[in-house]
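Shown below is the structure under consideration.
Chain naming follows the written order as A, B and C, and within any one chain the residues start at number 1.
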Amino acid sequence: MATATKRKSQKVTTADIPRVGPGTPAGKWFRRYWLVVGTVHELHDIPQAVKVLGEELVLFRDNAGQIGLLGEHCPHRGTSLEYGDIEDGGLRCPYHGWLFDVHGRCLEMPAEPKDSKFCQKVKHTSYPVRESGGLIFAYMGPDQANPPPLPQYAPLLDRGGQRQVEPVRHAEYNWFNFFENSADPAHVCILHRHAGYGQQSWGDHFFSYTDMPHVEFVEMDYGMKVVMTKPGPRPGTEFVDEMSLALPSIVQVGDTEFVHAKMDAAALINQGSRCEHWMFVTPKDDDHFMLFTVDNYLGPVTNFFEKLKEMRAKETPIEEVKPYDKRKYMPYKGNVRKEDIMTQGTQGLLGERSEQLGVSDRGVIKFRKIVLDAIETAIAGGTPKGMVVSKNANAVVHLDTQVGVRQNN
Amino acid sequence: MATATKRKSQKVTTADIPRVGPGTPAGKWFRRYWLVVGTVHELHDIPQAVKVLGEELVLFRDNAGQIGLLGEHCPHRGTSLEYGDIEDGGLRCPYHGWLFDVHGRCLEMPAEPKDSKFCQKVKHTSYPVRESGGLIFAYMGPDQANPPPLPQYAPLLDRGGQRQVEPVRHAEYNWFNFFENSADPAHVCILHRHAGYGQQSWGDHFFSYTDMPHVEFVEMDYGMKVVMTKPGPRPGTEFVDEMSLALPSIVQVGDTEFVHAKMDAAALINQGSRCEHWMFVTPKDDDHFMLFTVDNYLGPVTNFFEKLKEMRAKETPIEEVKPYDKRKYMPYKGNVRKEDIMTQGTQGLLGERSEQLGVSDRGVIKFRKIVLDAIETAIAGGTPKGMVVSKNANAVVHLDTQVGVRQNN
Amino acid sequence: MATATKRKSQKVTTADIPRVGPGTPAGKWFRRYWLVVGTVHELHDIPQAVKVLGEELVLFRDNAGQIGLLGEHCPHRGTSLEYGDIEDGGLRCPYHGWLFDVHGRCLEMPAEPKDSKFCQKVKHTSYPVRESGGLIFAYMGPDQANPPPLPQYAPLLDRGGQRQVEPVRHAEYNWFNFFENSADPAHVCILHRHAGYGQQSWGDHFFSYTDMPHVEFVEMDYGMKVVMTKPGPRPGTEFVDEMSLALPSIVQVGDTEFVHAKMDAAALINQGSRCEHWMFVTPKDDDHFMLFTVDNYLGPVTNFFEKLKEMRAKETPIEEVKPYDKRKYMPYKGNVRKEDIMTQGTQGLLGERSEQLGVSDRGVIKFRKIVLDAIETAIAGGTPKGMVVSKNANAVVHLDTQVGVRQNN
């Protein structure tokens, strides 16, 4: 990953962070990274319309197995390539048969004269695409002919464990409401107190509403790390739970094994969690995003994800919804994901909503500064902090997410 | 009620009347009065999101029984308090647990340091609230610490009769289309001719399409009174039916007992109707309003409102809707309320629609002038005409609504 | 039809073509022609709201049988006349009973004083209307008192054949995407290759994807003719298929008898198709249009349209829609009309979408110029090309649509 090169020239504010359309400051910044645009499992033998950073695109796998990401609308007369035919080495527009390969090159124009060279002049919008561990990444930034290497994200590599890629989740609010939520561990003890965090066997009520863990926020070369600690089971030890936020929009949570899979923490806590839980956030536009979740488990339990699935299925909202209760998000209490959607989905847009921030928001405040700094660097032409590989392209990218017992610092 | 203090300085036009958002002329005017924002019967043990004059608010009753009206979005990070928990003397935001009492004071911030004074600095948007006769009133005007007294509206007081508060009705058009409809008695003989007004026993076809009553419009200190008369049953007498419009948005109709309850008018007409029928109009925004209806019956009939309900149930639209008839509001003829919704709901916004007004619109013209005058007075800092109590706060507020036979004037 | 009078003064661009609201260049141009606004068969005994060129109107047939087209909103206070009563020689507003005849004259105002002359001063928006062959035409242009004669469109006249008027079709995209599609015959061989054009007996694979017909585009006094040819069955002959586009928005297609009715082309091809297939496009606004289709058959087959209907019913999409395929327009392949709706409905607005045009778009390019020229002429006050009758009002209007075998030119 790159250490940020500092060449600032333009002032941006927190109100710029949520807006990622073409030409916006955050949009320029976001386009410097590889972004997840789909999952291998969900890309079938038909084109898939996908909106990314405000751009209407279409994802497809050609009949040679290559994946392409093109502009959704045919450059000829605008018809949607979502309805195109995958054949003959590319995607063919249904209207007049223009055929594009995964690089946006036009291969055929059936209605043009046989000797026409027009085809060679047409280059359709296309973005480089890579597959890694079941995810499909695209690079929408400058110098498309020479995109940076795709980072070797640890949970996507084959390292002898079990991996799970969830189907994409679609959310109808701004991506940053979701992302910065992880810079705000206080909400775990409060919002999620109904979701049984306090009932997990590990950490002895680590996330207690009345006795919250100590928290520190550490700037990292990839973004920021949230370190939560409590006194450990033996003198000189502490329980620790780390979450990481990597720019532009990756969240790593370390405690899935204990919190959701309900593994026997008593026996395991000393060795720490063996499950990496990564979430890749991709803005569709300023009011919608996609969430791609990958878990990689390196422990000895067989069928780990079947067990996890069983446990998650029990995390249904526990509330009774009364007959007169017509509120949109009901019920939500008792399910971490629904709790997050409700709170984040009603916040409104950062920069438009009013806010009053306190000491417990220092993680959010610090993280916004880190993001703003990265945006300023990017629009000044520098290399922003985060998941931009500039040196060792083969280095495996880990994020700090220790969960377990460790010796006191 | 206040006699208007005249201190005009700003010119407003009829196009300003319908628009009531914060900062608009009519919005400033409207905020000088107590407004109905809910009914006691419909306020359950969960928060209730309510939009009033373009502001997103949340109504709730705390666990000590006090009703509060707060800004919907938490001042901390914007999450909707519609999903808050009613507990511990206030409403607690689900995201980080900030607790607000009915006065908007922040009582707790669970994630802030124990010795933090931040809580004391936060004052959330809140409006004074009062209950009266099953309705919940709020004051959203200036000098919130010293709101004017809530008027003692006659039908809301316990005066030994029977009272009915209907569930709130929600309408999807501008509030003023509804309100000024009562300044326009001609529509009763025309629009409502299908609804059986002419079949009522009293008044001998008082609202005849071909022989309409004589009408006068009288400016009152509360707004305007519509007086409809016809020759009475004996020499020297006349039938009279009065409606009143009180600023900012109350309508009183006097003939419910005869028209809808179908009481034996022949026996009763000489003593006049004993049922007050008040409608309180509260704009949600410029395209939506709430309608709160209260009836107070002071006659001897037991179970009066059960009888009224039975009779109203028979007022279903009588039209046959043909298979090819896909019009949105069909059927509507034969039900006064549906007839009103169709005509008012398709008018468009005053000031945007074209109009050509005649002699029969003189009530509407006069009433718009009264409203404009009140708006100008309010924005000049004076006390606008209508339901602002400035002198005797304990005086019972009656509106003129005589219906029956009286000696000729 | 008029030969265009050239008096240009204002520059318009292709981006102006799709926009037809009041006051726009294309809107002024469109208003110079009679437009189809409904079908006789679908105009029942209730008013019919209809939006035309961005104007909200209401169509009705009075109880003397005359058809009127009035502004939808009553000029009095704006209520929708869609809910008016058809009675007493006109359409009566439900709110206050104003009665309008088909000419927009106000006949009654029941609430005005008996001696009022106000009624005579009110003239409601109304447009001249004519019936022809089951269609209802309106003229929304200048000099409404003296509209041009309605053209005597051949398929609408009683000429001893069989006629079919289809129910109106409503589409949710810009009218010009549909209209200019007929200036683009290449799409027939490509988009509609799935719809069995190549399987018709006539023309021996006339519309072959791999061997497309020769095409010429000929400017006509009514607009443009598309002439497609291929070598005929005998030396010195050629197969020909003509389509015509008449301004402002009529399409004539000649091959319905062979393509869709699957008549025995082998036996008939020498005499040519005997079925005229006309489509009248009427914009509702810039994102919606109505399509009125009339067929006139002059051949000897009895019950021709029953046979045609049977054949069309078989043209259902042939695609299997897979369980994961949630695309909006699926299935579409195999049905010419669905294929058109999908491609045209996803193009976006001309002037807003990107385009790269080739040799095979020369028909579209030429036709846009013809339309622009007509718009410029109209807004300069001249008589635009197309269906404006200025000389012989009784002349039958034919469009060139020969389909069959002819001697080589």
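Throughout what follows, a contact is a pair of C-beta atoms (placed from the backbone, for glycine too) under 8 Å apart; a residue touches a chain by one contact, two chains touch by 3 or more.
Since the structure is predicted, the reported quantities are computational estimates derived from the model, not experimental observations.
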Margin query: Which label fits the chain touch graph of this model best, line, ring, star, complete or other?
Written below: complete
Item checked: chain C against chain A, contact positions shared by both copies (same if over half, else different) -> different
Item checked: Cα-superposition angle relating the copies chain C and chain B, to nearest 5° -> 120
Next item on the list: Return the distance between the CA-based centres of chain A and chain C, expressed in whole Å.
Entry: 49
Next item on the list: For chain B, jot down the residues that touch at least 2 other chains.
Entry: none
Next item on the list: Under the touch definition given earlier, write down the residues of chain C that touch chain B in their complex.
Entry: 42, 44-46, 49, 73, 75-80, 82-83, 94-97, 109-113, 116, 118, 122
Note to self: Give the list of chain B residues in touch with chain C in this complex.
What the structure shows: 184, 186-187, 189-191, 209, 212, 322, 324-325, 327, 329, 332, 339, 342-344, 346-348, 353-361, 364
